[in-house]
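There are structures below to look over.
Presented sequentially are two complexes of subunit A, the first with subunit B as partner and the second with subunit C.
For the complex of A and B:
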């Protein structure tokens, strides 16, 4: 059974007073342990899909189900089981909170020193960093803190929205390895949003290509990369290879 | 630069500002038109009598000598003597300073108590009719002078409903209940107007938080909207509040001077206005100096508080 399902999902925003369809007819199922990469260019609608998954936007048509139940009926069940990592750790960590307080947030109670220390060590950080503020860490360390926060409550679903695009190349590889290893160990479902196909190839086992607000291609990473069916996927791959 | 050094630099600027303010106040009051000797002796006094009194009051000595003498007295709490009544200016100031301090202090607390929930509500409901209505009401509040609010409060609660006294002041040593009853309307008049200003800043700070990724993260992992605002918003709002309190303290002091007149409260403001009409330079200088130094002190404390409230300024912890 799918952990999360989007059925005929459509999201409409209002832009300068006019309705704007961000995504339409999106059908996507994520099973426990799945590692799905959602790729597409800027404005393709991939971030809207991520927000729809987390119940951060309401569908204008269709529905989202979590554990077989519409999330509209029990949003709190999804919120207890899902977590996310944003692109820019500078803005996703409150600059006025210490790292320890940031990490304990999903627990919705004060985390014990042991819990905080374990969470930090699992992402390769010193337990002593719990007393630091985000501005006292490097970019890679901040993103590791964001990952530690996302994992502390043992989520069933992790949504990572461009988790490495704000990081330099070396740190990017370390953080991707960390996400992949954690997904392997903990067996949570991963939905990774990215415009970078190489990132998806390193971490995911399935890829969904989004273009113009619709899913244009979907399949196992190997098949989509080796034998793309849709013209837009080919263009994305060509662009990656050219780079 | 360490936090200690930054505080020391601000302290040096603060002391320099105090000295500059004292010089400007002394110069301004001594350059005011009208001679205190003429005022004290009346229009029938001869030129010799006026000159003799000027000599007696020390008005003929050079400006720098008088300034240094006055300032060295002020530093030890001696503001001189009233040129009209002959009492020590410091006793006049300190007996009334407490009343004004209560008025301004309680009005600051009152305005925060109103502005925090109102500004937060206006931000969270900014796309709804009630949120827009609250925001519009605070805009209207910005345009209302505190004395006008005071007059309407008197008309409603003192004259029409007869719930509270229309003016005057009772010391809390004499009757705590009467002290509270006499302060409610003037404090409310000042608080309502201040709250309108502060709630705009609170609204803006909360909207900033609503747009941050850390707020979205908190929402996505199960925090309620109000829970996430409480957790993340209040820390950010504290910085905005410090800024606005520092900026608004001058407005509040000026408002208090007028409100003291409206409610016949014997505070520093009402005594200052009396001293101006009597051309009592010693009292004018003393009260203006205390008010300006109070503003500088509060701004200095706000500046120092930044170093502690905003962790990004705490370089020492690195």
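For the complex of A and C:
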């Protein structure tokens, strides 16, 4: 059975008074342990899909189910089992909270020093960092803190929205490897949003290509990369190769 | 000096606070007793001279510092304690509750604070407590506005979304995420409001709507000096200087606090 399922999902925003369809007819199922890459260009609707999964936007049509139940029925259940890694660690960490307080938040209680130390060590940070403020860390360290926060409550689903695109090129590989290793050991389902196909190729086993608010192609990573069916996927792949 | 305005502000405020504290126990003369020498120039034993009733100016000035601080602290703290939660609520509870709170505060804000204070004082009769209440109520909208604007900005930050995804609840978000991030703005507003409150109190006393004649306030001293402005101009200088020092002190403190309270502006580790 699917862990998370979007059925005929449609999201409409109001832009300058006009309704604007961000995504339509999106059908996507994520099984436990699945690693799905959601790729597409700017404005393709990939971030909207991520936000729809977590109940951060309401569908204008269709529905989202978690564990077989519509998420609208029990949003808390979804949020205790799923977490999000944001694109920009600068704005996703409260500048006035120390790292220790930030990462314990999903526990909804005070974390013990041992829990916080373990969580930090797991993402490759020293336990002493718990006393620091976000501005005292580098960009890569901040994103590690964000990942530690996302993992501390042991989620069944991790949604990562462009987790490395705000980072230095040199630390991207480290952070991606961290996410992949965590997915290997903890066996959570991963939905990774990215505009970068190589990122998805390194981490995911399945890829969904989004274009103009709709899913245009879907399949195992190997098949989609070696034998793209849709014109847009081919263009994305060509763009990656010519770089 | 890394933060000059903070230290200068604190020094000026310390002078006012110390003066008020000393005046609790000792003033050179009785600040309310009339004396035989009227309008004496600065000298000995009346260091800053005497006023039209023969009262020692220095003693009145020292005693006035108490009322100035009392009115300033009570009105600003009261306004912040009411205004900040209302402003946060106006931003957090979207829909008609927030809309009504926001509009009410805008209407109150559009009304000149001193005029509002005069209205209250005129309706309730002049006394120190009327001044505190009038200035306090007139100051509330400033805090509502700043708290509401600050809260709206904080709520749009991804770290608040992260907290929502952690399912921590609105109260936790308000206390843990919103309040610490709007605190610097509130402090700055408080110190600016404090300066305005001191001026307003002086204004109300000047108009005879603040503290009674038994309480020598700086504003009342200014008004009394007005009658002798050409013969004894120094009489107006002293309370004017005192008001300027207290107001400037709190404004500088506000400036300095904004920098000190922001961990991003502290030294990097």
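Methods note: the second predicted complex is superposed on the first by the 243 of 243 C-alpha atoms of A that agree within 3 Å, B and C clash if a C-alpha of one lies under 4 Å from a C-alpha of the other, contacts with A are read in each partner's own complex, and residues count from 1 in each chain.
We adopt the following convention: a residue touches a chain if its C-beta (ideal position, glycine included) is under 8 Å from a C-beta of that chain, and two chains touch if they have at least 3 such contacts.
Because the structure is a prediction, the values reported are computed rather than measured.
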{"item": "Clash-or-fit label for the pair subunit B, subunit C on subunit A", "value": "clash"}
{"item": "Partner chain in contact with A:135 - subunit B first, subunit C second, else both or neither", "value": "both"}
{"item": "Partner chain(s) touched by A:173 [first = subunit B, second = subunit C, both, neither]", "value": "neither"}
{"item": "Subunit B versus subunit C as contact partner of A:84, first or second or both or neither", "value": "both"}
{"item": "Which of subunit B and subunit C A:105 touches, first, second, both or neither", "value": "both"}
{"item": "First (subunit B), second (subunit C), both or neither touched by A:216", "value": "neither"}
{"item": "First (subunit B), second (subunit C), both or neither touched by A:237", "value": "neither"}
{"item": "First (subunit B), second (subunit C), both or neither touched by A:21", "value": "neither"}
{"item": "Residues of subunit A that lie at the interface with subunit B and also at the interface with subunit C", "value": "54, 56, 76, 79-80, 82-84, 86, 88, 91-97, 105-106, 108, 132-133, 135-136, 149, 153"}
{"item": "Interface residues, subunit A side, partner subunit C - complex", "value": "54, 56, 75-76, 79-80, 82-84, 86, 88, 91-97, 105-106, 108, 132-133, 135-136, 146, 149, 153"}
{"item": "Residue numbers on subunit C that touch subunit A, as the complex places them", "value": "157-159, 161-168, 176-177, 180-181, 263-264, 268-269"}
{"item": "Touching residues (chain side subunit A, partner subunit B) in the complex", "value": "54-56, 76, 79-80, 82-84, 86, 88, 91-98, 102, 105-106, 108, 132-133, 135-136, 149, 153, 159"}
{"item": "List of subunit B residues in touch with subunit A within their complex", "value": "212-214, 216-223, 231-232, 235-236, 239, 310-312, 314, 317-318"}
